[in-house]
Structure formats: C-alpha cells, structure tokens
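A, B and C are the chain letters, set down in written order, and residue numbers restart from 1 in every chain.
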Amino acid sequence: MSEKQTVAPSLTKTSKPSVQHLLGIEGLALSFVQDVLARAEHLLTAVVQPERIVTAMPGKIIAPLFFEASTRTRHSFEIAALRLGAILLPVRTETSSIVKGESVLDTVKTLEALGVRYFIIRHANNGLPAWIADQVNATSHVINAGDGANEHPTQALLDLLTIQQVKPRFQSLIVAIVGDIVHSRVAHSLTQALFLMGVPEVRWIGPASLLPEEIPPPGVRCFERLEQGLGGADVIVTLRLQQERAHFSFDTNWYSTHFGLTETRLKLAKPGAIVLHPGPVNRDVEIDAKVLESSQSLIQKQVRNGVAVRMAVLQLLGEAKGDAV
Amino acid sequence: MSEKQTVAPSLTKTSKPSVQHLLGIEGLALSFVQDVLARAEHLLTAVVQPERIVTAMPGKIIAPLFFEASTRTRHSFEIAALRLGAILLPVRTETSSIVKGESVLDTVKTLEALGVRYFIIRHANNGLPAWIADQVNATSHVINAGDGANEHPTQALLDLLTIQQVKPRFQSLIVAIVGDIVHSRVAHSLTQALFLMGVPEVRWIGPASLLPEEIPPPGVRCFERLEQGLGGADVIVTLRLQQERAHFSFDTNWYSTHFGLTETRLKLAKPGAIVLHPGPVNRDVEIDAKVLESSQSLIQKQVRNGVAVRMAVLQLLGEAKGDAV
Amino acid sequence: MSEKQTVAPSLTKTSKPSVQHLLGIEGLALSFVQDVLARAEHLLTAVVQPERIVTAMPGKIIAPLFFEASTRTRHSFEIAALRLGAILLPVRTETSSIVKGESVLDTVKTLEALGVRYFIIRHANNGLPAWIADQVNATSHVINAGDGANEHPTQALLDLLTIQQVKPRFQSLIVAIVGDIVHSRVAHSLTQALFLMGVPEVRWIGPASLLPEEIPPPGVRCFERLEQGLGGADVIVTLRLQQERAHFSFDTNWYSTHFGLTETRLKLAKPGAIVLHPGPVNRDVEIDAKVLESSQSLIQKQVRNGVAVRMAVLQLLGEAKGDAV
C-alpha cells in the first residue's frame, strides 16, 4: 500500500461533477457537496431522528463489500439502505487485504448481473473502488467506503455536516487535524472537503514521522507540537491510531503524553471549540476520557449524522442519471 | 464464569416493574409476565400461525449481539423482529467467551448512536446484559438472551406459555426440572417464573454434583434419583447436557442410564404429564427418542411459542415508555 | 461422494408432478417446467428488469442452507426471496462437506418449528435435499440448490429459459455440453431438462476420464475431441473445471489447449450458436476471453434469468398446495 501524500485543494466550481459514483472528495463539485449536506439535514429531521423507514428506493439492491474490518461504517451504510427501503444484500466478504482486485471485480460483475445497483466498497488498496467503477455498467454506482490511505469521502461529508450544524461559517474556521496524517484517508478526504467549503486554514499536527515529508499543499500548516497547533482552532479532529496497521510502531503511552487531547490542552483552542473523531476511539490515547464525555465532543453526533449523509449519497447518486445535480 | 446458585422465589406484586429492559425473571412484576403471556397468545393466533408480517415497529432497529453460539434463540428473535416489521441489523459477532464487557459496551454505544433501539444480548458472563443496560440511554432496550449460568428470561416465558396452553392452573402444578441444575440459566429463570405464577412445588432432579450445595430456596425440593422426583409431576422440564461447557466431565451413557427420560420413567409422573426441553436435545441422552416423538412432548410447540413470546417482549418494552405496564 | 452416472430421459407427461419440493429435474412433469418458464418470463419483465419488489409472499420465511461455498446461486435465491417480499432468514452455515445429514435435519426441524417454510439446500452429498424433504411437514418446501454430483435443477431451468429466449424451437436443437460431465450436477440436470423439452440430441464432450464409463443414455452422443463434438451445435454449454474438488487432478493448460472454447473452435458450431456457462468462469481455461465478451456468450443473461427462475419456483411451490399445477 503506497501512501498518497499530496493533498491538493485544487477543486473549484468548474470541475465537472461525477455523480454516478462517489469515489473521493477529489473531483467533487461544491454544488454536489452542498446538495448532500442539505439532503442529509432534511433526512436527519424527517427520517433518522423520528426513526422512520421510507420507500425511497424500493427494489434497488445495495451490496456492502467490505474487505477491511468495519463496524461503524458498514452498519451506517446498512441502516441508511434499510431506512430508504432498499434491498440490502447480505454479502459475506473476507476482511482480508489479500483479496485481489480481479477477484473483487468478478464479484461485482456477478452481482451486477444479479441486479445489484449500488456497491459500497472498502478495501486496503488505494484506488480499488475507482478501478472497479471504471468497469461497471452505466446504471451501477460505486461508493468508496475507505480505500487504503487514499480517501474516505462519506466520513469527510459527515464531518462537514457535524461542523456545519455548530459552526456554519466555514470561511472563518481554523481546523486542526491531529494524529497519523500520512496514513490517514480521513485526513486526506477531510482536508480537501474543508478547502472545498472555503475553510482558510487546515492544520496537520503530529509527530514528524506521521506528517508528510513534502511541502504541504497551500492552506495547510504543519505542527509537530500539539500545544502549538491548537492555538485558535475552532475544530479539532483527532485521528485514530491504527495499531492494527502493519506500519504502526508507536508506543501509545508516548503518543498520549505528547498528542493526547486533554482538558488542559483543549483550553488552548478557541473557547467553544468542538472535538471530532472518526472512531473507534482509543480511550485515553487520542482523547482523554473527560474530553470525550464533555459537551465539546461531538463524536456521537458524527455517528448519527453518518446515517443521514449516507442516505443522502445513496439517494443523490440514484437521482443523478435522470437530471444532473 | 461463576455460578449463581441461590434461586429465591422472592418476587411479589410489590416489586417495581422494570419494563425498559428484560434482564431476568428476577425483579419482574407478575403483571408484566401476564401481559407478555396474553400478548404472545394473541400474536400466536394473529401473526405467527397465519404466517403474517405486521408493521408494528417500522423503522425501529434491532441488533442481535450473540457472543455464544445459538441457532434457535437467535433465529427466534430475528423472526420476531422481522414479523413485527422492524429493521434487523445484520451484526456479526464473534461467538467467543473472550469478548470482554468493555468491548461489548463500545459496540452497543456505537450502535446506539447509529439508531439501534433494541439490543438482544447473549454472553457467557453472568450479569453482562444488566451491566450494559446500566449504561445505555433511556430510549434503548436491552433483552437478555442468556447470560452465563444466570438468567434466560425469554426461555422461561415461553415455557410458561407452553405450560399455560395445556395446564393453565399453575397453582396446582408440580413441575420437575431434570439435569444440570447448578449451571443452568434455564433452570434458574424458570424456577423463579413458576413461583411468580403461583406454582407450589418445583423439583430439581439431577446427580449430586449438578445440584446446588446449599439448601434450596423454599418451595424447591431436590432429588438425586429421577424415579423419586417424577412421582406426581405435571410438567417435566429436561435440561440440555452442555457438553461444550468447560466444566462438563460427564459420561453421557452413565447420565442417560440414570437420568434419561424413558417411556417407563415417564409413566411415574402424573397421567398426561407434559415434557419440555429448551433444545437442542441430545437425542437418547436427556430424552429417549420415543418420548421425544410422543404426544406428551411439547418441544416443537415451545419453539413456535418462542417467536410469539419474543414478539410480545419486543412490543411491550417498546410501549413501556409511554404508559407503564 | 459417489457419482451418479446414469442420466435417463425417462420423464413423460404421465409422471405425477412433485410440486411440494424441487429436488431435481428427474421426476418433473413437462407442464411444471413450462409453468416455471412462463412465470419466469413474466417476472423478468414485470419485476426483475424494472427492479421492483412485490408483496407476493409476505410473512413467508425462506432459509438458505448452503453447506458448500456459493456466491452466485445463494445471492440469486436471496434476491428472488426479497423481490417477492418474503422474509429472508440470515442463516449462517458452515460451508464444509463434513456437516452431516443428521445435523442438517436437526437444523431444518428447528427452523420449521420457528416458522420457516422454504429450505434452499446446497450440500456436497448426493441426495441430501431429497432425504430432508422426506422428513419435513406437508407445509414445508425443499429446493435443491445443488447436491454433490447429482442435480442442480434451478440451474437447468435458467439454462432452458436462456436458450428459449433465443432459440425457442427445442425440438430442432443440438446442444453440446463440454467439460467434466461425470462429476457435474449441472450436466446431469440440464441433459434431463433438454430431453424433457424435446431436444433430439445432446452431446457430452470431454476427455475420456471426465466422461461416464457406461453407455450413455439414448439421445446422448459422447465425444472425446471438442472439434468433432461442436459441428452443427446450436448451443454450447461449457462447464466449470472445479479445481477445488478432491477428485480434480487436471493440468489446466492441457485442458484449455484441448477443450477451451476459442473463437476458431466456436466457428465449427452452427452460425449464431450461443455459449452458456454456469459460472464462475475460469477465464481462458474453459472459454477464451474473446468468446466470453462476444455477443454469442449469454452468460450475464443466464445470471439475470436465474433470479426470475428462482422467483418462479418459489411462487409455484407456494401455490402448489392450493391447486395442483
């Protein structure tokens, strides 16, 4: 798995929207992101919070293809599909990084012939969902649910929704992302999404070995000390230390001592700063338990927003063929 | 796994009903048990037997969390959920006793944030469902589907329903429970449930090593010989020899010779006595094949009743917040 | 696993239809097969292609019991069940040939008591679905989804439908089946199905070790050279080389050199001959990639037809009790 370290905030309204698939934040039009956020906010109020089911996608078949372990993201998509009244196909996949692209493609082509229309793919290899998307029918939709160190677009979209609910003026925000930046598809997707929304400054904070070696893209400032990076931040996104990954060789005590978000450190940020985490949290490693349980932590809200965002994405891709968004 | 050996028929109408969760028979009000039985009898006739599906719980999400192997109980809950029109979340759990409480709690909290309202938990550790229930939101419901040697309340409720259909005068019944009493959550829950319904005498029958060492609770009589214990019994509940459990060191031939329910032994009970078993039966070990297939064996009926009882429980917990039962 | 090598086209309109179960093509009445094809064609147009869901079987519970690995057939049945509005029970089975018949029967009897009505069984042992069918209630239905080297009736029915859509005059067709005839339940079921539909000549083509030792049934001609067998064929059904099977000891290079269907060899068949394969294809072994992607290959259509055929079977078994077909 190679690392994707260039994160360019290069997207503007002139990029053509790709609304058949959701493969990454890179290449998305601002208008599509805004549509997702608006639709998600509506679905949150109309369907998710009142715990309803609607018949928005009757007969449409959705297949989750997760080749990496996942509880939160997989169930979030499953609930989104079921709340929309779609058919959720119970696919059993080996959660093993050795499942090759060819084999994934064979499965996808078979499922496509069976009538599956939405493929939600998580895989350890960068770019695998995009490679699959190049080879499916025009009526099929591929959604990237996380590919290697590359992208995790629905996570970025739910982060945007969570931020927008509290701090809707993106143009005036400073957002700090803390942790293993270099291996993080969450950091990669979120950074691009924030720039797309007009955020002027994104900070990448972590030990030198977890920051990219190259010069960061314009708008990004790197910090090797948490205390320096937090000053004036409106939003703090802590990343998960992925101890299960092969490249991981950190002492978690050392990490939490230097980069754990404690109550004291949180005070360095702007008053009312909010704390996000893609989950699952390593309690007292990335975030102190007290911060976790404070009102500034919006982690539970992120999870709930995730269902609404995934419903919105499923619906908008479905509508895209009739009239372009 | 420690054993819970004190089984006290201490419940009276004055105990406050706990209708947010169903954690055990202990602590339940008689009125709640009666509500479950009445509702289950109605659902059996109206939904289960005509093989219908109703939209009683549309949009409500139910998650089965089984950390011990189960076919019957798990599928019974799944069918109950689906017949009620609920969303059944396809949760994959390791059926391993080493899954720790903390890890179960993390899963539950994530699922709760995703919108799951009903958690059906089976785990090898006594008290784990109750410990989880203490930490969930007021809108969440925990149902104990079997915890260690502690409780298995829906099994006891379906046993009550099966008995009631044939011998509705609980106040005049003698009920014999045969087998591994000391390790059996079924025996524990059922004994309490029978006393709650007014049964005057419960007998625990088994080899000395499988009976509790302490003095049994009032109303319980212990027998180390099956022939002695069966005399005059109206109901015989045979327990499963759980050969897969670590503590098990029995010769099944010896057991069936001394405690297997044969046609000859069944004649020692009252004429028309009925035979129950929580399943799966070890054929010709706990029960002779001929007894199994006789009209006195109600084991298949128990299974069918189980679906109705679980539907009733899901519905009544759901209603409990509006107006207390 | 013993091999079933006698394939007799012995069925006539006088055989009594067995419409409680679908255990094989052997024993089926022509009228039932015609009903399946007509119903499937209707469902294809009315439900499968417009991607709808209907409420034809609300409350009916369907359990897939797959004791051999399967993606295509299992998902095909699952989608068929869900498109008919049935309840699909999420059964987890060990895909292991060592699961014994007794154990399968215990599971079936438990599920039957829980209310399951349709059992879709795949197992490595010849005749296991039929053995189960002998022991279920009159209201239960067993569908054979592949048993050892014996039968795979829904595959044969979907092959018939695919052939009929392009070449509806079965009475004038020559059909060539290529590959491991002797171990193939597909070849066995399909040969019988073709004779039932009036096909005058079926050819079995393969290396001597993969053809039956006995004299083939009337109407079947055997060929040990592909080039000889293809002459004048209207339909070519290539079988999968099942390298995962214990008996397999073939060099796939040798096989593809002698029996792989190339463009050149395909030209030996009748112009407009069609190519089928039950899937999954070993690309460039049984069929050359160019043939696979040509318009003569109907493999993707087979997959889509499979959903409609399985819907038809589920429905017709369901209707059979009221009025015999």
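The rule is simple: a residue touches a chain if its C-beta (ideal position, glycine included) is under 8 Å from a C-beta of that chain, and two chains touch if they have at least 3 such contacts.
Note that the coordinates shown come from a computational prediction; the quantities given were computed from them, not determined experimentally.
Counting the residue numbers used at the interface between subunit A and subunit C, under half appear in both copies, so the two copies meet with largely different residues. Put simply, subunit B has to spin 120° for its C-alpha atoms to lie on subunit C, with the angle rounded to a multiple of 5.
Subunit A and subunit C have Cα centroids separated by 43 Å.
For subunit C, the set of residues touching two or more other chains reads 90. Those residues of subunit C that touch subunit B in the complex are listed here as 58-61, 87, 89-91, 106-107, 109-111, 113-115, 117. Residues 47-48, 50-53, 71-72, 75-76, 78-79, 82-83, 88, 90, 279-280, 300, 303-304, 306-307 of subunit C are the ones touching subunit A in the complex.
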